[in-house]
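Structure, as structure tokens:
Each chain carries a letter (A, B, C, D and E) given by its place in the written order, and its residues are counted from 1.
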Amino acid sequence: MTVEQTTGKASTKRTIDRKRRVPPGAAPGTLVADPTASQPTIRLIAYGPDDFEEIEIAEMKELEPRIGKHAVTWINITGLGNLDLIRRLGDLFSLHGLALEDVVNLHQRPKVEEYAEHAFIVTRMIADASSPTTEQVSMFLGAQFLLTFQERPGDCFEPIRARLRSGRAKIRDRQADYLAYALLDAVIDGYFPVLEAMGERLEVLEDRVIARPADIEAAEIHEIKRDLLLLRRTVWPQREMVNALTRETSPYVTDQTRLYLRDCYDHTIQLMDIVETYREIATGLIDVYLSSVSTRLNEIMKVLTIIATIFIPLGFIAGVYGMNFDRSASPWNMPELGWYWGYPAVIGLMAVLALWMLYYFYRKGWILGGGGKQRRR
Amino acid sequence: MTVEQTTGKASTKRTIDRKRRVPPGAAPGTLVADPTASQPTIRLIAYGPDDFEEIEIAEMKELEPRIGKHAVTWINITGLGNLDLIRRLGDLFSLHGLALEDVVNLHQRPKVEEYAEHAFIVTRMIADASSPTTEQVSMFLGAQFLLTFQERPGDCFEPIRARLRSGRAKIRDRQADYLAYALLDAVIDGYFPVLEAMGERLEVLEDRVIARPADIEAAEIHEIKRDLLLLRRTVWPQREMVNALTRETSPYVTDQTRLYLRDCYDHTIQLMDIVETYREIATGLIDVYLSSVSTRLNEIMKVLTIIATIFIPLGFIAGVYGMNFDRSASPWNMPELGWYWGYPAVIGLMAVLALWMLYYFYRKGWILGGGGKQRRR
Amino acid sequence: MTVEQTTGKASTKRTIDRKRRVPPGAAPGTLVADPTASQPTIRLIAYGPDDFEEIEIAEMKELEPRIGKHAVTWINITGLGNLDLIRRLGDLFSLHGLALEDVVNLHQRPKVEEYAEHAFIVTRMIADASSPTTEQVSMFLGAQFLLTFQERPGDCFEPIRARLRSGRAKIRDRQADYLAYALLDAVIDGYFPVLEAMGERLEVLEDRVIARPADIEAAEIHEIKRDLLLLRRTVWPQREMVNALTRETSPYVTDQTRLYLRDCYDHTIQLMDIVETYREIATGLIDVYLSSVSTRLNEIMKVLTIIATIFIPLGFIAGVYGMNFDRSASPWNMPELGWYWGYPAVIGLMAVLALWMLYYFYRKGWILGGGGKQRRR
Amino acid sequence: MTVEQTTGKASTKRTIDRKRRVPPGAAPGTLVADPTASQPTIRLIAYGPDDFEEIEIAEMKELEPRIGKHAVTWINITGLGNLDLIRRLGDLFSLHGLALEDVVNLHQRPKVEEYAEHAFIVTRMIADASSPTTEQVSMFLGAQFLLTFQERPGDCFEPIRARLRSGRAKIRDRQADYLAYALLDAVIDGYFPVLEAMGERLEVLEDRVIARPADIEAAEIHEIKRDLLLLRRTVWPQREMVNALTRETSPYVTDQTRLYLRDCYDHTIQLMDIVETYREIATGLIDVYLSSVSTRLNEIMKVLTIIATIFIPLGFIAGVYGMNFDRSASPWNMPELGWYWGYPAVIGLMAVLALWMLYYFYRKGWILGGGGKQRRR
Amino acid sequence: MTVEQTTGKASTKRTIDRKRRVPPGAAPGTLVADPTASQPTIRLIAYGPDDFEEIEIAEMKELEPRIGKHAVTWINITGLGNLDLIRRLGDLFSLHGLALEDVVNLHQRPKVEEYAEHAFIVTRMIADASSPTTEQVSMFLGAQFLLTFQERPGDCFEPIRARLRSGRAKIRDRQADYLAYALLDAVIDGYFPVLEAMGERLEVLEDRVIARPADIEAAEIHEIKRDLLLLRRTVWPQREMVNALTRETSPYVTDQTRLYLRDCYDHTIQLMDIVETYREIATGLIDVYLSSVSTRLNEIMKVLTIIATIFIPLGFIAGVYGMNFDRSASPWNMPELGWYWGYPAVIGLMAVLALWMLYYFYRKGWILGGGGKQRRR
């Protein structure tokens, strides 16, 4: 799917979805398989308040007689590698060609589309709780059926299957639209653990930027911002999609279910809210990081300046008295060298100079936390 | 609640709410208790224009006969640790399951939801005036009752209870919606002291950044921005919530109360306005801080450059006359060393060079505030 | 009012309004006086096309018989220190309690509120043309009366009083709503001189940043941005307020006056436009300032590098020939010292090295504006 | 007008319009002349499909008998120095006082205002193709007349006059609203050459920032951003103004002309689009500039570091063997000085050290484009 | 078209469209040819469910008899160099003059305009998959005809022509509006490969900024941002255009086709979404780049500081003992020089000093990854 392993250290980088599309100019409704797509498995769950059937479908001919026997028929197709099967399902349930094209054209944004025979819902499910990578789930919601297509085995729908199997659950009394809601709710709740992990990552990074900025590379902050950007790209249309379902006057969504979708919409708003907050914090971190880099440069330069400023002048004095002027040629040629206290005097001069410099740096607040008076000027 | 103590110096950091939710795929309306929630205490205040009753309820059976006896019944539950009690209250007042789920699922954003039997209001109350940490308050507003759930003992409703107890207050003549307004108003007014404290913190920081930037760490500015971000996250939906109540055509809010809610809405706008202004000032502070860091670097480099630029050339001259060329081998080998005025001349040359450099730095405006003419070029 | 003098150099800083409010939980309509508020003076101006009366009112009982005698009665209260008086005025004109609360609760944002008996208008008047500090003016507009409350003596309404006194003015033929418009127009026009002063300040700063960046402190740019922020906070709701008056279907504003309010609205848009333009320029200045700081650092480092790069190698050469190897111990020990042209050769080598370095720096464009060819690489 | 020449190098700076207004509190409709306004000249062009008259009007009495004789009467007043004339024109055509006030109050934003007797249109015409400076053009559009006021001689309407004079032009068959459209279209098309010039300026600057950043001052980028800001301030309300004309249900604009105004609106969108694109590019340039300043600092520091790092240790070694310890006092006192290969060994040691340093810098990629291997770590 | 080759290295830079327009003041509908426009070739494809005709038209008189013979007539004009031909086509199909003006006035933004006789659609087609350069395609959609104008030979419509030629395609059963949709869909799908290329460029740049920042110039990031800006400028109005077609109640677009346009609209949203994501990533890259520049400066300065801080003091000590004080003049003049262990003691002192400095730098974490303890303070 969207994880393309890049070489070396950046191996965890998520690439941005670049839709692999039908060639430009092809007829709408043209189905083009992703060559890496896996072969489909079909699972049918049909139920009413008092009846329940669950079966793994091997061939289309097993499927057809079973449709319409129960109040709700849920057909879950995992793997999009068999275009012929998808076309036959399309014919069986009168699915629109444009919608079918979007089922196999992965990297769709979450959306709802109303067609005459059914509503078409695209959502994106977290594929792996440790990353913002998602997998496309397409749903066709009709009066008595729900078709769901997902890319790969493994989903977050198992608790719902368990609720359906147990006869007492409220969900058995409801229609297909409530099942669709339950699946969407599970998909959206699946984002919270990912966000929680990201929040922890961000807080650890925040602590490190503040306590030990030297250990951080700007690339780490960039990477978390990028992950949040990808997450936001998925969550934002998710919100619009649920909102559209809440408002839409689709004949396939009942008012009762709309109340539940409103709750689901509320969760998408919470997701957006957390993502945006994290993004703002991550953006602020860049500033903190940059200023810590500058502060460390100041530290380094202070050390250099203190040492150089003290010793270069002293070195110069030593150099002067290392000159070889011929004292015998003139009484003015370095008479200091012959003085009785010459050497101690020069050493003393150097010490005074060094102490004065140290005091100057102390006053400037560069050493030993000094500088109090001056700062308050 | 949302304060998680982190180790060491960053101990005041507020973490971002990461909703601890019902497991994905659970049936809607599933109540899951926060294991740290405290056991509830129930306080009933029922009143009409001429009657008043206040009682601490120990068991549900004490509660039931008291309902509907007065014009308004206010039941305040403090502590969410008893799910069974909450379920029984839900049955008693026909509270909707989705709303009840939100009562125990803390970290809700403020919102209003209309249900057939009642309006459901979530707000967030400042938990501690010294920080932007908040506690969730959930309200169910029915025709004759108001249920309020709060997480912990301690709230800002005491003045309202006092007004209710004193028979003369206008609030005794009004309906449950006016009581809900009064509570919301108290909650929102509770934000002002927190903002005031934050404004003082910001101004102190501002003064320090301008007067003594060396004492500041960027992390301090980051922290105040973060606190403002958290506050904004709470205040913004608070505003939407009050606005929804003002507009909503709920049968439980009367037009008369709507006028008061408009005033309350006005206060939320003031809150937002102050928060946004603080955020802009804090963002501007980062720029001031960064430029002060750069300016100090310039200061440091000036000192280094002045000292090194003066003494390195002088040191070189001293070094030249410290060379040991054999004067006896050639008249061209360092004849200066034998000159009568050799040493004074070299010292003089050094002095001239140093003065010329100092003048150059003065002209550049690096020392003694010089550079006037040149700057005006 | 909002100017709190802070100590030292930042004495001109304006603090952000932090509403001193009624304690949380107090009954709505509770009037709490600002302890520093001054005692009110009341001036009544009543007029019709052919009649005019102006009087300073000392006691409420003087006021009552005068109401309703003329087409328009304008009562201007200056000073909010007498809550009792305000309550009695409220009773006399049936003013709503929530509105009265806002009259004494200063720091209101400009707004319009429709009540059954009157419209309530809050605006903010420039208190002092040299700063963005404002004073709250509250108006109650009824069918035949206009009440205005202001905090302190001194306002921008004198020209309007003069027009009222002169019998020929069009304003005498109009209703109370036209008077309210005239006052609002004067308030809004009062912002232009403040903006003009701020524009001049900004342009002076701009010239200085560009011509003499070393003289500037980032804090100066921050301060102007802060003042613009405060001004924007006042002007923005001012615009909304006038717009609301223009659209509102209030019975107290006639269509004819609405035409004039549209003109007034136009002025608020001009104000916003200028404020926003100034803010963008000030924000751009920070970038210019930061880059000038960096450019100066480059300048400083160039000087250091040129000097150090030329003299450190030369000093090293001098140092080599200052070594004391025993030439008598070996013919390989510093034979150069005994050469006939040894010293001139070394001096020559040094000169060549220095010139080559200078040429290198010239080619790099660091000195004497050189570097032409290389830059075009 | 808005060009105020400032001294010295910043002489091309455009100041921001600061409206010189009627004194606050003056009666609406008060006309206050700009003391620098020039005396008006009046040109009347009246025409119908088959008739045409063009005349320079010297006195008002020449004007009156000519009005209403033709299908369209266009009166163009150039210069606003005669308030009396403007007032008499106002009376003659029943122009509204508020609109007349805006005619002489320059620095209006483009806008449309509907009055009972006429539509009032303000637009801004490029005054000089080399700068974003504009001049106010005010139009009164009535059923059969169009009055236009401009500040100074010189406009972009000459081609329209030529089309009117030539009898065959479609414009002669149309009403006054089409003439207004034609003038607005000419005004808006006049912005394109200015934008084109600015685009070239920006591209030249862009090339220079990338190729020779040392030649650039941040102030140049700031100036172009400022000019774009001023242009945007004019173009944005221009767009709103044309849009209002397109939508407005004014009786003075026919549906046929609305089609043409839609085309004109399209041009204003193109203008905005180009201005915004330029602004984004200019903003990006600041980043490129700042990073080039930093990169040059790195370059400078590399040179300094390489030289200092090589020669300071070598200088130290030379210094050691320049010490004057008394070799006769002890065999441990600098015996190296007496060794046979002492001097060559020390020179060799220095050479090895220098080469090792150079190799280190090469490995770090600081010199000769080295560092390949290390970078790929 | 919009690619103007600039000299030297910036040769790939795309300039911003600066509309070459009709001179200001010209009559609307004036056609002005671009002098570089090529001569047109006309290709007619006419078809119905059972009939098909494709012909290259050499002269207008060949065209006229063929119009209206089939259900749909598609006339594709390539090259805009013959204004006379365009005018005659305009007369033949009653095309509006303003629309025709836009056909030859290149650099139009994508848009839809409804005229009485036809809808006028402007879109922009990718001219070359390796750059964001586009070419204008203008369409006139009537009841039974579609006219398309493009600037140059070469387009993305070939697959559609192939579908038309093959008799079985659904497109043959539909009306002209479906053909227009098919062309728009091909145009929009043509953007995806360009975006894909840009995404790869961005990711390569991202990897390089993180792994080898020294190799990057800020200008490269600026260039990709600029290309994204240009692409966004084209894609954004493209979206609005398709949206307008979807909503518009044009009689020329049937409800059935609207369903397909909704799918097309969905693709434009995906385009925008990818462009905006890329822009945010590119903006983040600048921060990473700047911080890497700063980090490298820190690295450089650390090397300089370590070397200078160690060797300058050592050099000073060596300098002291290189002074030539006359030991015979006084016992206090450099007695150390005569001590038995003098030289080894000084060398030892130097070694101790150097080791202590190295330890200090290690503790600071500047060398050998030290500093662990201190950082955790």
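Everything below uses one rule, namely that a contact is a pair of C-beta atoms (placed from the backbone, for glycine too) under 8 Å apart; a residue touches a chain by one contact, two chains touch by 3 or more.
These figures come from a predicted structure and were not determined experimentally.
Any chain touching subunit B that also touches subunit C would appear here, but none does.
Here the CA centre of subunit D is 24 Å from the CA centre of subunit E.
The distance from the centre of subunit A to the centre of subunit C, with each centre set as the mean of the Cα atoms, comes to 39 Å. Across the assembly, subunit A contributes residues 211, 290, 294, 297, 301, 304, 308, 312, 315, 319, 322-324, 334 that each touch 2 or more other chains. Annotation: chains form a contact ring; the order from subunit A, going to subunit B first, is A, B, C, D, E. Contacts from subunit A toward subunit E in the complex involve residues 6, 8-10, 15-19, 21-28, 96, 98, 101, 107-109, 111, 113, 115, 211-212, 214-215, 217-219, 222, 225-226, 229-230, 233, 286, 289-290, 293-294, 296-297, 300-301, 303-304, 307-308, 311-312, 314-315, 318-319, 321-324, 327, 334, 336-344, 346-347.
By the touch criterion stated above, subunit B contacts subunit C in their complex at residues 156-160, 163, 169-171, 182, 185-186, 189-190, 192, 195-196, 199, 203, 206-207, 209-211, 259-260, 262-263, 266, 269-270, 273-274, 277-278, 280-281, 284-285, 287-288, 290-292, 294-295, 297-298, 301-302, 304-305, 308-309, 312-313, 315-316, 319-320, 322-326, 329-330, 332-334, 365-366, 371, 375-376.
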